[in-house]
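In the part that follows, the structures are each spelled out as structure tokens.
Both complexes shown next keep chain A, but they swap its partner, so chain B is in the first and chain C is in the second.
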Partner chain A sequence: MQNIETAQGQSTVKRQRRMSSLNRVLKYVLVRGLTLLVTVTIGVYLAILIANGGGYVDEMRKGQIRESISIQMAGNPENAFLTLQERRELEESMVNTQIQQLGLHRPFAVRSFEYLWNGLTLDLGRADYLLSDSGSRQVRAILGERLGPTLILMATGQLILFFSSLALGLVLSRRYGSFLDKLIIALAPTSSAPAWFYGMFFILIFSAVLGWLPFGGMVGAPPPQSTFWRIMSTLKHMILPIAALVLSRLFSGAYSRRTFFLIYSSEDYVEMAKAKGLNDREIERRYVLRPTLPTIITSFMLTIIGLWTGAIVFETVFNWPGIGRLTQQAINMFDTPVIVATTVIYAYLLAATIFLLDIIYALVDPRVKIGGGGRS
Partner chain B sequence: MKATLSNAFRQMRRYPSAVVGSIIILFLVFMAIYAVVAIPYSEAVRLWRGADNVWMETPRNAAPAWFNLFYREKQPVTIVMRTTDESSPKTIVDLGDGVATSDFVFEFDYEYDGFPTEMSVFFNATYTAARPNVALKWITPDGREIQIADVSVRTNENYSISQDTRVTRRLGGVVPERGLFADPANPNKVLKGTYKLVGEGLVFEEGSSVDASMVIYGKLHGLAGTDHRRRDITIALLWGTPVALAFGLVAAVGSSIATMFLGAASVWFGGWIDWLIRRINEVVMILPLLPILIMVGLFYSRSIWVMLSIVILLGIFGSGILSYRAMFLQVRESGYIDAARAYGAGSGRIIFRYMIPKIIPTLIPGFVTQVPAFVFLEATLSVLGLGDPVLPTWGKLLNDAQGNGALLNGYFYWVLEPAFLLMLAGLGFAMLGFALDRIFNPRLRGI
Partner chain C sequence: MSDKKVMLDVKNLKLYFRTQSGPVQAVDDVSFQLKAGHTLAVVGESGCGKTSLAKAVLRLLPRNIMTYSGSIVFDGVDIMKYDDERFRREIRWSNIASVPQASMNSLNPVVRIEDQLIEPLLIHEKISRQQARTRVAEVFEIVGLPVDFLQRYPFELSGGMRQRAIIAMALASNPKLVVLDEPSSALDLLSQANLMNVLKKIKQEINTTFILITHDIGTASELADEIAVMYAGKMVEYASAQYFYTDAHHPYSQKLMASVPTLREDKELEFIPGQPPSLINPPTGCRFAARCEKKFEKCSMQPNTTHLGNGATVQCWLFDETGEVKHA
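And then the complex of A and B:
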């Protein structure tokens, strides 16, 4: 009787503990999410300040107003009777009224907050030259089309990179001092080159010389009719970029994982576990992998930030129709609204990546669950 | 301090990667010094801009000359002959009334298996009203004479034989640079031997003269080849070295030293300073570095020094600050800091004399490993077309190569040469940095 009661008591305690740890994780994630939102806001504001240093955002808005008014006037049959002079004056006065209405005459300090809101909601007006595939000038439409390919490529690459460097690191720490171990240590410095650099070589070898894989792009031309073959074609186009992405960070990643594992496997509690007679897999999983995971996630976060930064050239080299390639096109055409928008999007993507890793961090780091302070 | 450093140097010799890395860095430093001494800054900028027709006598998209060592069929290098040189002087005969003949013969041996890429004759004349006239004739090794053209020479006359369709027609529809060198028995083969370009000139005024130079553009040029604008790639390769080293070193050293001070201040003062520094760090982590550099490049300046300052500014508050903070947190708890406090040392003294020297050994591998990232960042910017507007750099070579389809057209040397140097710089610093990390970081020693 008493036994059952204690058992019940234990299970409620357990449940309560689980509840409270869930609460803590949620609280942690919420706090991190809010902090990131604040930092994104500040980041976007800084980006707007930089862009507007040359008065470009203002120019952008005024140009937009002028364009829409002249279109409006051209479409109005009444204006056909006016002389050119009168027409110009009318247009000028309409533009001025509109500028007054939109408050463009107000000081920049006031307006910058309006821009900030527009920036955060990605309402960045119309592109000067670039068009979306559906023919829209809306920056948001253009970005929407390009976001998918970027996410597909980067997410696949980053996931493969994370798990392969973790696995390789584990293998190396098990075979500490072997030929493979020494080889990877010797290869680790090659990771100083960015992914696009390897991409260039891969294109040279596999596309230009051997002709096995396409030079770039996302699907073959013309795109295959059936969905299945279109997906296969995209996968074929992804081989080289993903290989470049993974190879550019794999060796140094594996090297640092291995070093972490080795440092942690010389801790006393690991010796203790060995003395208890636990098998190697068990020790690795519970006493080595578990405590190193938070540190590994943090260092992986830095890697990913580096990868995002390189994405612009990376996509350009592979002609991948993503945000990075869009940025490059916008630079070449001097399409200011698009450049500002891509900066904002990258800030969002970086924040989203960090947020995602924060959630994983909260799930694997016992300090968050039991409430012993966060990361620092 | 001193003892640690000299000890570190002794240990370095035991790490092959440290030795190899140091050798590579030394080699690059010598190359940089040579570049700056041999081609002064202004000269490099002028040559790379290609003003004043400085690249008139180099072929377009030519591979390096040493490629011939690996070719069974030897490809031509550019042949240049001038009447102002002693080897082929003008013969002038005065005919009276100011009229004179001014003849020249350019005689050269052509022993290559490949045809040249282009042929041009450049004239330089002085006259007041009546232009000199030059008749050009081609004599092949087997004695055939081919009329090329009658040129009425202006002050600076560029006559391109390759683009003269009349010569093409006379040769039966074959472009001149092939037709003039082809073996009559086998039009796909070069007839080797001594060729002559004979120029019979007439000047019609007292004091009028005409000089000529003939350029037969080859397929190979110099140490590194040429690009689409006939510029010698060697110049960009050489000058890219000091630029890359300066950018990488200044950015790495500048940002890591400043970061270290901030980390120390953050830990020592704590409170709102610590809070502020950490919040700034969080914002900077979100800021996408490359797009911001792109905006600066587009809206303000593309100068490499402006870019460098921004990189340092953002780098100061970058991810490094967290690791320095963690290190200083440990240092702060050491006994000797308490001792310093006890004798009444001020904050400045404690930070500069006691906290920072303790960290410097870990700083060194840190910034050495950071150098490649910045070297490649410069290349990345250039590849995006945001390189320094005047300086030739490795990244700009890659950008040109990519923009002109070097890989598609098979000009692999154009991509491989700058890429090789970039890789060399990256590897050199990374190898040294990894080794230093293992020497200075006691937890890694022996692992």
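And then the complex of A and C:
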């Protein structure tokens, strides 16, 4: 009888605890979201200031407008009958009209906040110079076209890299001190060279000398007609970049994972698990991998961020039509709206990833209590 | 007392570690017998091989093992002959459980205590989760922890509670032998006293054989039926606790006893000058000789184990052959 009562008491306590923890989680999510929003706003505003050269890009554009109008006027035979004075006035009024059309007459400080608002609401506007492949000036269309290829390449590459270095690290930590272990450690410094460095050699060997694989790009020219062969062609174009990406990071990745697992497998609770008579696989799963899960998830999420952002030089070397190459083109051409737009997208993706990470972290690690409410 | 069967019979146990500067003879030729239901306290200075002895019995060996030999007859079977898999399945936890030295850190930080405690039961015994839970709740009460703490995570418990949780885990599977490796060393005095009371209560209620490893001779006196003194990898004296505290034989044991404060006597505490020898290339003779006040010529050779009756043994030339003190 008493047992039943205490059981009921326990279950109400549990329910109350669950309710209060739900409230705590909601509050935490809200606070965390707002904090991240402030961070994103500041980041985007800084990007706007920098991409506009603190307003100097406006002066450059005004100069360009004046130059093109004076050339236009000089080339127009109608203007030959005007006096110098009239010509100057006409030129001035045409320049002013165009400046007003583009909104350049208002102070930059005011416009920068408009840009900020437009950026944050994803009203990305029109590119100054760049065009999408379909001929659109809409930044949204340009970005939309480029995001896909980056994701395909980077997601495949980074996921292969992440899981293979995790698995290799686990194998090495089991065979600590073996020949394979020593070999991988010896190879780890090769990761100090970036992926595009290996990429150039791969292109040289496999494309230029052997002629097995394409030099770059995403599909063969002309693109195959059927979808199947188009996919096959893309896969073939992905081999070299992904090989370069994986090779450039695998050894150091596996090395750091291995060390990490070795440190965790010397924890007292791992020896305890052994004393308890668990078999090696259970020990590895519950006592090594499980406690390291938060750290592994963190590095996985950071990998995901790296995967969105692409790699500027890497995509340029492989002529891959992704975000990285777009960024490079936009920077070369001072195409402010495109630069700002990519920054905004990155900022949002980064914030979303961190937001997600915070929540997952609290779920997998009981030591991280959401909302700081102390012990429950 | 003496008609009880022998639970653990260790003969010529050696455990050497490989290091850069040579082999470390952490446990060197140790032999002893422990009867069922008795508690053996292994005492000695830090680094004398107490913990290595425990690890050797539990077969929890580090990677740099060089020599691991001798025989460990446990409940009539030589478990040294078991391969690792059989040892894991038949001996670990179901028969020999342990409370390790750092038992505060021996709980997986991200798994609830209950799940960790029922784990060995689920592996070694064919019982349901519910039965395992009931059993764990029972032992939790024995060690004096509130049952609802089972639902908590280790970080939500104090050090002393975690230690008791580990003891509960060790008791849950009804092992024949429990090795307690300095169970109280990391605790404050109050928690130590508390833990000792728990252990005493367990000893009275459950008929389990214990090996208690400690450097605290006072603590050992509360629980021990037998006392083993280790010095530099050797077991220099093994005696019934009844006699040991008043009549220790080995000069080292005598010095050790003289260093322990007692309540009712007013005595000057002594210390032993010098350091224990390195376990890498230890001296060929008696390892205590360099610090011993009663040293004589023979001490440059390794002393034999002398049986003094009542199962007591001592490794000292003073007692050789006749069992009597030659140079008092």
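Just so it is clear, the second predicted complex is superposed on the first by the 232 of 376 C-alpha atoms of A that agree within 3 Å, B and C clash if a C-alpha of one lies under 4 Å from a C-alpha of the other, contacts with A are read in each partner's own complex, and residues count from 1 in each chain.
FYI, contacts are C-beta pairs under 8 Å (C-beta built on N, C-alpha and C of every residue); 3 or more make two chains touch, one makes a residue touch a chain.
Worth saying up front: this structure is predicted, and the values here are computed from it rather than measured.
Ranking chain B and chain C by residues of chain A touched puts B first.
In the superposed pair of complexes, A:190 makes contact with chain B only, with no contact to chain C. When the two complexes are overlaid on their common chain A, residue A:273 makes contact with chain C while staying clear of chain B. Overlap of the chain B and chain C interfaces on chain A comprises residues 176. Put simply, chain C touches chain A in their complex at residues 58, 60, 63, 88-89, 91-94, 97-98, 100, 102-103, 105-111, 119-120, 123-124, 148, 153, 155-156, 166, 169. Here chain A touches chain C in the complex through residues 10, 176-177, 267-269, 271-279, 286-287, 290-291, 293, 364-367, 375, going by the rule given at the top. Interface residues of chain A facing chain B in the complex, by the touch rule stated above, are 35-36, 39-40, 42-43, 46-47, 50-51, 53-54, 56, 176, 185-186, 188-194, 196-197, 200-201, 203-204, 207-208, 215, 259, 262-263, 302, 305-306, 308-310, 312-313, 316-317, 327-328, 331-332, 334, 336, 339-340, 342-343, 346-347, 349-351, 354, 376. Only residues 17, 21, 279, 282-283, 285-292, 294-296, 298-300, 319, 322, 369, 372-373, 376, 379-380, 383-386, 398, 402, 407-408, 410, 412, 415-416, 419, 422-423, 426-427, 429-431, 433-434, 443-444, 447 of chain B touch chain A when the two sit together in their complex.
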